[in-house]
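Scroll down for the structure; my scribbles are underneath it.
Chain IDs A, B, C, D and E follow the sequence of writing; residue 1 opens each chain.
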Amino acid sequence: MAVLSERDAAPKADPGPAPRRRSAPLVLNAASILLGIGVWWALAALGIKIPAPPEVAARAVEMAGDGTLLDDTAASLGRVLAGFALGTALAVVMGFLMGWYGPVRALAEPWVQFFRTIPPLAIIPLAIVLMGIGEVPKIFVIFLAAFLACVISTLQGVVTVDPTLINAARVLGAGDATIFGRVVVPASAPFILVGMRVGLGSAWATVVAAELIAAQEGLGFRMQNAQLYYDLPTIFVSLITIGVLGLAMDRLLLLAERKLTGWQEQR
Amino acid sequence: MAVLSERDAAPKADPGPAPRRRSAPLVLNAASILLGIGVWWALAALGIKIPAPPEVAARAVEMAGDGTLLDDTAASLGRVLAGFALGTALAVVMGFLMGWYGPVRALAEPWVQFFRTIPPLAIIPLAIVLMGIGEVPKIFVIFLAAFLACVISTLQGVVTVDPTLINAARVLGAGDATIFGRVVVPASAPFILVGMRVGLGSAWATVVAAELIAAQEGLGFRMQNAQLYYDLPTIFVSLITIGVLGLAMDRLLLLAERKLTGWQEQR
Amino acid sequence: GGGSEASNEVRFGYIGDYNGASLLAVAEDQKLWEKHGLDATASVFTNGPLQIQALGSGDLDFGYIGPGAMWLPASGQAKVVALNTLGNADRVIAQPGTGSMADLRGKTVGVPQGTSGEMILDLALRRAGMTKNDVKVVPMDASTIVSAFSAKRIDAAGFWYPAIDTIRKQVPGLVELAKNSDFRGEMEFPTVFVAGNDVVTGQQDKARRVLAVLREAMQYRSANAERTVELTAELLEKDPAQVRADAANVQVLGAEELDRLTADGTVRNWLSTMDSYFAGTGQLERSTGPENYYTGDLFTSAGQP
Amino acid sequence: MAGAAVNPKIALDGVTKSFDLGRDRLVALDDVSLEIADNEFVTVVGPSGCGKSTLLNILAGLEEPTAGRALVDGVPVSGPGPDRGVIFQQYALFPWLTVRGNVEFGLKIAGVPREERRARAEHFIDVVGLTYFADVLPKALSGGMRQRCAIARAYAVNPAILLMDEPFGALDALTRVKLQDQLLSAWDQERRTVLFITHDVDEAVYLADRVIVMASRPGRIYDAVEVDLPHPRTEEVRLSAEFTALRNRVWNSVYHQDNDRALPARD
Amino acid sequence: MAGAAVNPKIALDGVTKSFDLGRDRLVALDDVSLEIADNEFVTVVGPSGCGKSTLLNILAGLEEPTAGRALVDGVPVSGPGPDRGVIFQQYALFPWLTVRGNVEFGLKIAGVPREERRARAEHFIDVVGLTYFADVLPKALSGGMRQRCAIARAYAVNPAILLMDEPFGALDALTRVKLQDQLLSAWDQERRTVLFITHDVDEAVYLADRVIVMASRPGRIYDAVEVDLPHPRTEEVRLSAEFTALRNRVWNSVYHQDNDRALPARD
């Protein structure tokens, strides 16, 4: 019983090619990175006491050669991934609970904002007392940083969801759980992704602090260790590795974002 | 020439009272804070080596009495306010430029995300080399933290603005500057406020690192200084003052948010 | 920054404990700066390496560092212009019931890397015929050592007073397996004053006057121990009892005593012992040699009218 | 099919709804009582802003009356439910779901098995003539196509009560007539209870068993016109003299309210 | 007021617009050519999804044609401008501005002094009957009130060309008639050029100098009907035989396209 079935059926298809994806951003990305390296080189050449790119590159090759770099990267990456995944997952759930249930928000929000202002270094002693010196407290510190960075954003996302969409779901029979999974999460995807990107940055920025806790390897550990010897090339290699890994994970998040928020009308 | 002027004129006004503001959240806030203090006290009592609330309170009274607390607070607050204001202001402008002009985004985004992963501690040596040991590098470190925490959120806000609103402004004759000030900023206010709240947390969390740079007073300095003698009550007083100030400023932001995003249909 | 040869301004960095602050507290109280025509501003730091960096960038003229940072001047980044005290606060501590260093074999030992705590642990292990490989060394931040040891998460630590006092409150039965004085003659733990390289070469006169101030303050400190503690506590806004306890673990050096130790080469010996220690840890690739970074003659000459 | 049924399917009992406008309170509905029998088709017309949508929202369980009660099957309405399908004035499509995803949404929640869900969605997408656009996101639909998608979504869950807020308002004349006829024939077969808001007096008369005419200032029921035209309604009925008479009767009811309203002074 | 003017105010010259639907490309407008004389009032009718809004957007400068050109005053359209006022199908009100703020928006941009701006906004708010709601945010308006606010906003800047996308679609019959008459009398006095999209064939004929009938699959101009009814248009004109004849002519044009379209197979 197709009342209007022929109405919009089979519009004339245009055989013309779809517009090509612009590759300009990637080129500019690359240009920007080259420019940054140029500035760094110039600073080094101007006599500021930082190692020049070739020196750092040589050290990187050396560290890659003896396996340190790989081991460190693996150790830190594991911690960051674990902490980040747990932190953002909890942040999304807590963000929903806080946005949805007034009392949860009233109870939790002061502490979230309180702990956000406390540097991770100050948390470490307590983490050790409660969790020892193994992997758990390290991941916990990273988890906390990612969680705190992400939760405000998801909370705002939940609060900002267009209520008519929630109403539409409710009149279709959706309960709270369905609304959370099928309406609130997709509708606040832009906020959740901001939260995840900020949380990712925090997770990596905290890995150095986390690896103060009796780490035996890891990029943060290597950096602190090198600081004792004022071994600037090693510090730079660790920092840059952290930055590059952070950047790569961020690009993955952006890809995910494009998938998840493609429904949006964006500029 | 009032074609419809009488149409909706003077609807019958209802003399009934407007619904009272609920004070429940404040009560719950307070309950939550009391609960937190209770947990702390219990932890202290259970033999975890942290000072109990009365001990910390006594130290706080002492520090308030001799003026240290006030001086420290004033010093840190000044730095945080300056760094936070500069950082978030620049973040809003950069967020707009990055969201609006593709090339700016392509050039800036890798660096923003790169520096987000670098802990503030690692920036300090460079800040000293370039800016000395006065107030400038301290404020710079805080500024950087606030900026980096805030910019991703405002960028997302700009990208997410409903394009029909931008179109509506353009057909009314608005240029880019007007669209930025009168459409993008209000429309992305929820994102900007998330950015500011996260940036505020980062600014306070960074004050400790910033005051490593030859600070003579300040809450972060006091904390580190107290660490030399392992003076836990003083550390706690500083931490809690930081947390409470952060919380108070956050509440101010929330008030601003309510003013700025009251137009939104929210749950 | 840059030097200010003509001016009388002196920018002095220090750390807020007895070692770092006592001479400055005395100089202030006794108006020694004015006496030598100097206008000093003292900035407090929380560690030594940051001061070395500030010396390098010209933001400071003089600073104070502990033994753990001695490899920095040794590698040419600053000059040691005067010795200050000999540290006596470092210990290897272990959980109750530990009998000797040998009992630590295979145990977890926390240590703040690059500090005198690591130095004492190394010395103690060597004396017991062991190396770092015989125990499980975990590098940790100082504040985390307190938590970890108190919570019995580590079995031992290379650490120092007054932080050990805090731990003792939680673990009254902790045992001390080694202390600085065990290694008298073998190795000393000097705290020193440092200056920027160009301050020593370019502004000799000012440096000499600063050293004259320090010498007179040393004299006063040796003669008026209790008063110095009070002055220091006042400067640091700390409880005098805390500072007194701190001072108890310090052997102060007098100016004449230092002249003597410099003249007979003792100081040079101490410093080269440290150089080889740091060479062993890998922190110091090549020492410039004490004669190149310790300006003992300048110190001595500052005492002569 | 009289107005006052013995066991009404839907009943409003002295419903008043007022909104807080800051300055004063606006009475959107003033003491509205209405009974709708099972299987009755009621249309509502009235000036813009007279409270039609508010009335529908109260029945849907999306707004609570300030005073009075709304009953469905004799039970007070306490929230939305899939027994009452709603087509919103602003469509409220889920922008992240395709047309098919939107239409299947309610069926998924109801746990309809995949096969049947597919088929049912397909059917209703066909009914509204969006077959070619089944896999397209809402942002690629025209205004009228969005509205049709919302219609299909509501039809798909096959609710006992349909609450429709200007459902055909954005459709061209032809599409409109077809969907009117489809709605009537489905209603004939499945005997749903329908509350249908429209601005088109012809449409109101053509579809209804009873036309409710509302007035504003304050929002209230001004008139109710029984429509005893034969079923099924055909083009013939539309051209009949009875139809024209009823149509004029409703028109006058709307005009008349305006006349007695031209008098009061402006506020 | 013939269709092909010598110096047309608006001209579309072989405009084609296609959209990427992922799977294939949809031709929303296929080689559309159209000229509108200065001061001409043209209405557009056509089935849902035939490209009416797309055509309007191209004239407004909000979309670029895939092929062909759009000219205003002989100059190719390169972007939106305040000379072409637009009323959007989805209203596009600024949700953070009150009714007054929305209406004043374009005037502020144009630099109209405060006093005059106030007066002009007041006037047009009065025209659409929202005086009582001047200080209310859009979220507190009903659907029809939102639409009227959008109308007032477009009128206020007094553009030489008005592009209106179903501007009266959400209004009740009476309000609609009043606003139709107001629009006509303003047009009579100020001689604007108007392109007016509607679904209401009566409205199309009543207002227009010429009715453009569009067809879909692909979107194109199917017919153009000259309306040589006398001005000013009155209720009398509406009841005249000529009006009915023209109305039927347009109706048939819409019906007819459908008939010759029932043939092709479904896709």
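The rule is short, and it goes like this: contacts are C-beta pairs under 8 Å (C-beta built on N, C-alpha and C of every residue); 3 or more make two chains touch, one makes a residue touch a chain.
Owing to the predicted nature of the structure, the values given are computational and were not obtained by experimental measurement.
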Chain located farthest away, centre of subunit E as origin (C-alpha): C
Identity of the chain that, by mean CA position, is farthest from subunit D: C
Cα-centroid distance, subunit B relative to subunit E, in whole angstrom: 46
Chain centre separation in whole Å, for subunit B relative to subunit A (CA means): 19
Gap in Å, rounded to a whole number, between the CA centres of subunit D and subunit C: 84
Gap in Å, rounded to a whole number, between the CA centres of subunit C and subunit B: 40
Shared-contact residues (touching 2 or more other chains) in subunit B: 5-11, 48-49, 129, 164, 261, 264-265
Subunit D: positions in contact with at least two other chains: 47-49, 90, 131-132, 145, 148, 175, 266-267
Interface hub residues of subunit C, defined as touching at least two other chains: 143, 146-147, 150-151
Subunit E-touching residues of subunit D, taken from the complex the two chains share: 19, 21-23, 45-49, 52-53, 89-90, 131-132, 135-136, 140-145, 148, 165-166, 169-176, 199-201, 251, 254-255, 258, 266-267
Touching residues on subunit C, where the partner in the complex is subunit B: 1, 13, 15-17, 43-47, 50, 53-54, 57, 59-60, 142-143, 146-147, 150-151, 162-163, 165-166, 169-170, 237-238, 242, 246
Residues of subunit B touching subunit A in the complex: 24-29, 31-33, 35-36, 48-50, 99-100, 102-103, 105-111, 113-122, 126, 129-130, 148-149, 152-153, 156, 158-164, 166, 190-191, 193-194, 197-198, 200-202, 204-206, 208-209, 223, 235, 239, 242-247, 250, 261, 264-267
Interfacial residue positions of subunit B with respect to subunit E in the complex: 1-11, 164-165, 167-174, 178, 182-183, 186-187, 189, 260-265
Interface residues, subunit E side, partner subunit B - complex: 60-62, 79-82, 84-86, 88, 90, 92-97, 105-106, 109-110, 123, 126-133, 137-139, 145, 148, 153, 157, 175, 178-179, 181-182
